[in-house]
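Next, two complexes with subunit A in common: one pairs it with subunit B, the other with subunit C.
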Partner chain A sequence: MTLSNLAIGLLLTLVAAFFLNAQKRAFFIFIFSLVAVYALQPALPIRYIDFWLPTIGLVLVIVLWIVITPHEIVKSRENIFTFGWILLVIVILGMTRYLDGLSFLTASIPPRIEQIMSALVVFGILILFAIFWAKNKSIALGGIILVISLLIAIKYQPITIWLAQTLRSFNNQAIETVTAFDIRWLGLSYIAFRLIHTLQDSIRRRGPTVFLQEYVTFIFFYPALVAGPIDRLERFVKDLRAPFSRSNIEWGFIIERLALGLFKKYILADSLALVAINPQNATQIQNAGWAWVLLYAYAFQILLDFSGYTDIALALGRLIGIKLPENFKQPYLKPNLTHFWNNWHMSLTQWFRAYVFNPFSRSLRGTSLPAWGMILLAQLLTMTLIGLWHGITPNFVIWGLWHGLGLFFHSRWQNVLRVRVSNWATTPMRQQVVNWSGILITFNFVALGWVWFVLPTPQKTLDFFSLLFRFG
Partner chain B sequence: MSSPFRILLKGLILTLFVALILPLFPDMGHLSGYNRIFPGRKRLPFGENPARAYNLSLYNLDAMFAAHEISQPKAAVEYRIILIGDSSVWGTLLKPDQTLAGQLNQRELTFCGKTAHFYNLGYPTISLTKDLLLLDYAARYKPDAIIWLTTLEAFPLEKQLTSPLVANNATDIQGLIDRYDLPLDPHDPELVHLTYWSQTLFGQRRALADFIRLQLYGVMWAATGVDQVYSENYTPPKTDFEVGEDAFHNLQRPLDESQLAFDILSAGIDLSPAPVLFVNEPMLISQGTNSNLRYNFFYPRWAYDEYRIQLAQKADENEWNYLDIWDILPNHEFTNSAIHLTPEGTLELASNVIDALQVKCEE
Partner chain C sequence: MTEEMIATLKKFIATEIARQPDRSIAADEKLISSGLIDSFSLVDLGLYVEDTFGVRIEDTELNADTFDTLEQLAALIQSRQ
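And then the complex of A and B:
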């Protein structure tokens, strides 16, 4: 997100906070989130794809909302209006092709209006089909599979490249210059988590029933579109429906988090990005000392970048009455890996705990595996999936396993040594030594894990480890 | 008014005061991590692709020199030799140790019982005034000898002030114009004059950002030793020309001496705190279509031949230590320009230069 995008978002949110009542505020968030999906989508080299991806996302969200929502609610007057508004926004954004002054609302020139109208007819049929036929558990499960398939298609390079080649051929564009970056779908990772959460809750008959406008707002909520946090529908809707008054705005929180977020993201993180390890410089570094410096720079860059975005998202959300969940709580100052993961990208880890770790652990209870084996398997699976969420490559798998094994060994270590350590750490000084030793070890374990995360191949990663420790 | 608003208001007033009212942020150019936290650069900062080159172009001479290894204190046993010139001296496409200064340093020469150290102060724009500016600044680093390489392209008066480094150091240039009565207009619109607002923190935000980036890239320079993109895929210099392609800027035939910056060259040699070896640098001599008209992309034959005659006469009249080695290198020793050399070509150049260097030992 650029600073100008942020400034526009902040300004409009301020206007909304000052001048709109609760109902109009919810409508503003809905419309602004819809527009943001298009405006923040990066421009892509495949013709019109940067218009179609947000549109497909929108249709997908509508269809899946239909799947999880009782029939009588779907056909309510409010929702018919919402359909109309969504249609209108898509058409107006499509019309910017002919309106130079509004071209900033889309990543690049939208398709011709007749193409958009034709596509909307197809999408309309799909939505009608969903309204009349998609009404059972297996369809919701199918929705989950569809969302996961989309994630795989976008995050697994061979498929992404094949898709990009196919689309380029279809558009009569050169296929020689195809790359995996041809298809970048803004916010898909976060959208997918929100969709899976609501579909899964629907299967378990847990989730709340919401209007389409609320659901679309939840999925595409503009402050959290780019980098989370991943909220829960029931919590989000509670805020959205709550009475909103200008006098309740928590200015202290908003100013502090906004200033902090801007400073962290646009000054500290962007500066550290110049000196942080990346695939280009990793092979150019000449000595171990500087390799460590670049690695630590990356460790802090990723934290400050991510938590800076979160601060900004929290501030913008709070300005308009939505209390997004916290995502980072000083994760590098935690004395062990378990605490680190309880404080790093918290909304993601909570999501995986709820939808992967806990169900999988429960499913293992009937087996003959020992307790430690169940924990190991569940932790490895959870962390590997977290790795794969970032991208389907061997390095992300290894990064996940790195942390999965780290968590497992920490839990074993804790069982064996906790008593001995606490027997030794009888003075405040010794307790400090134990605490800071834990922080140092945990931080370095996490920092070394980032090497797998940031470099593209195992060989390059091993070469970098060799440099760090001067093997060979 | 609620407390957060009061804090915000105070913050805004303070920001405005610092950014707009407070005239000038302190001259930060001398504050540098180079030569302290990370090693000094082996050439002046210049870069068109900072993210890949870990280097960038800026115009703050203090910051540029503070980032250079020349800012280290001069040891008693050091014989300090400065190289001035264009991109061929700076070393486009050459690694720091492959440049002329780098190759001369590898010879581990001693002069007057001291260890010779050659400093690369070349800079990739072609203008004698730019060279003069750098030479004037470099004088404070107590050089024992100066090697100044140049070529005809640096001479036309009309392009003396077009180098961004020159244009953005208007005060220094005006000082040089006054001091040496140079044939340049101190109010030339090319020169970027500082207004009050441009000197405030707000007006200097770009310069400040460049300064910070230069410091940050010091880490990458220290870690990698990389200071430019060493591309192996480059377009070789043009060697085929059209009929009638024999113009040199707007200059008429015969070459008018008054349109060339000989006075600036004289000023440079006069202000130099140490003996100067002045070198007419090697260039590519085309053997392609219509190469009877042009030597290369830069020069028609008539202009270059007349320039060499005039320069030799000036050197002779003024008793300059002058070395004309324009044709010493075969064409395969040039890379992406008629004056950019391969490492091997630079090695050959170094041999010629060192033979011509006259050393004066202090009593």
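And then the complex of A and C:
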């Protein structure tokens, strides 16, 4: 997100917080989130795709809301109005093709209005079909499979490139210059997790019934659109429905987190990015000392960049009455890997715990596997999937396995040594020694893991490890 | 009733999860956020609660936000019995 985007978002949020009552505030968040989906979408070389991707996302969200919502609620007056507002926003954004002054609202020039109208007719038929036909568990399960398929299509380069080639030839554009960056879908990773959470909860007959306006706002909530956190629908809607008054705004929290976030993201992280390891400089340096500098710089860059974003999102959310969940709590100061993962990208790890780790661990209980085998399998599966969420490449798989094995060994070590260590660490001094040794080991394990994360291939990663430890 | 339930849960956590049968656990001691109960043991605790008290704790509820102490867990179980 650029600073100018952020400034506009902050300014409009301030205006809304000062001048709008609770009902108008909810409506403002809804409309502004809709517009943000288009305005923040990166411009793409395939013609009009940066308009169609947000529109398809919006239609998908509407259809899936229909799937999880009781029929009588879907057809209520409020929701009919919301359908109308969404339609109006899409048409107005499409009209910016003809209005120079508003072109900043979309990534690039939108399609011609007749193309948009034709697509809306098709989408309308799809939505009507969903209203009358999509009403059972298997459709919700189909929705989960569809969302996962979209994630795979966007995160697995061969499929992304194939899709980009297909779209380019459909548009009569050159296919020689195709890259995986031709299709970048803003926020899909986060949107997908919110959708899967609500679909899965609906299959288990849990989760609240919400209006379309609330659901769209939850999925596309503008402060959390680009980089999370991943909230839960029931918690989010509670805030959205709560009375809102200017006198309740927590200015201390907002100013502190906004200042901290801006400082972390735009000053510290962006400066560290100049020295942090990347695919280019990793192959250029020859010195082990510098390799460690690059690696530590990256470890702090990724933390400060990501947690800075989260600080800004939390501040903006709080300004408009939404208490987004925390995502980072000093993860590099944790004495073991389990604690690290309880405090790093917390909303993601909680999501994986709820929807992957816990059900999978539960299902393993019925098998004849020994306890350690169950722990190993559950840790490896969960962490590998977290790796794949970042991108479907061998390096992300290895990064996931690195942490899965790390968590497994920590859990075994803890079982064997916990009592012995606590018997030894009887003085405050010894406790400090145990604590700081743990912090140092954990931080370095995580930092070394980032090499897999940041470099594109196993060979480049191994070369960098050789440099770090001067092998060969 | 609550004390009895807390005592039963405490015994299970100390013996089966912490593997320190003599360990004392206060009713308001943080169990999950402190790291005493890790993710995997939390699933064990969930299954134990289901078997012992006949109350289902969903996978999405096995976290420190839903309960983090013995007394919070006991209150959750009682609210569902």
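In the analysis below, the second predicted complex is superposed on the first by the 472 of 472 C-alpha atoms of A that agree within 3 Å, B and C clash if a C-alpha of one lies under 4 Å from a C-alpha of the other, contacts with A are read in each partner's own complex, and residues count from 1 in each chain.
Heads up, the rule we're going with is that contacts are C-beta pairs under 8 Å (C-beta built on N, C-alpha and C of every residue); 3 or more make two chains touch, one makes a residue touch a chain.
It should be emphasised that the depicted structure is a prediction, and the values quoted were computed from it without experimental measurement.
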So, after the overlay on subunit A, do subunit B and subunit C clash or fit? They fit
Which superposed partner A:Ser466 touches (first subunit B, second subunit C, both, neither)
neither
Of subunit B and subunit C, the partner touching more residues of subunit A is C
Between subunit B (first) and subunit C (second), which does A:Phe357 come into contact with in this model arrangement: first, second, both, or neither?
-> second
Q: Give one of first, second, both or neither to describe whether A:Ile375 is in contact with subunit B, with subunit C, with both, or with none.
A: second
Problem - Touched partner set for A:Trp290, first subunit B, second subunit C, both or neither - result: first
Rounded to the nearest 10 degrees, the Cα-centre angle subunit B-subunit A-subunit C in the superposed arrangement comes to 130
Once both structures are superposed, the least CA distance from subunit B to subunit C in Å comes to 29
Counting only contacts in the complex, subunit B reaches subunit A at residues 2-5, 7-8, 51-52, 54, 212-213, 216-217, 219-220, 222-226
Touching subunit A in the complex, subunit C uses residues 18-20, 33, 35, 38-40, 42-43, 46-47, 58-60, 62-63
The subunit A residues in contact with subunit C across the complex are 201, 204, 206, 232, 336, 338-339, 342, 350, 353-355, 357-359, 361-362, 365, 374-375, 378-379, 411, 414-415, 418-419
The subunit A residues in contact with subunit B across the complex are 251-252, 254-256, 271, 274-275, 280-281, 284-287, 290-291, 293-294, 297
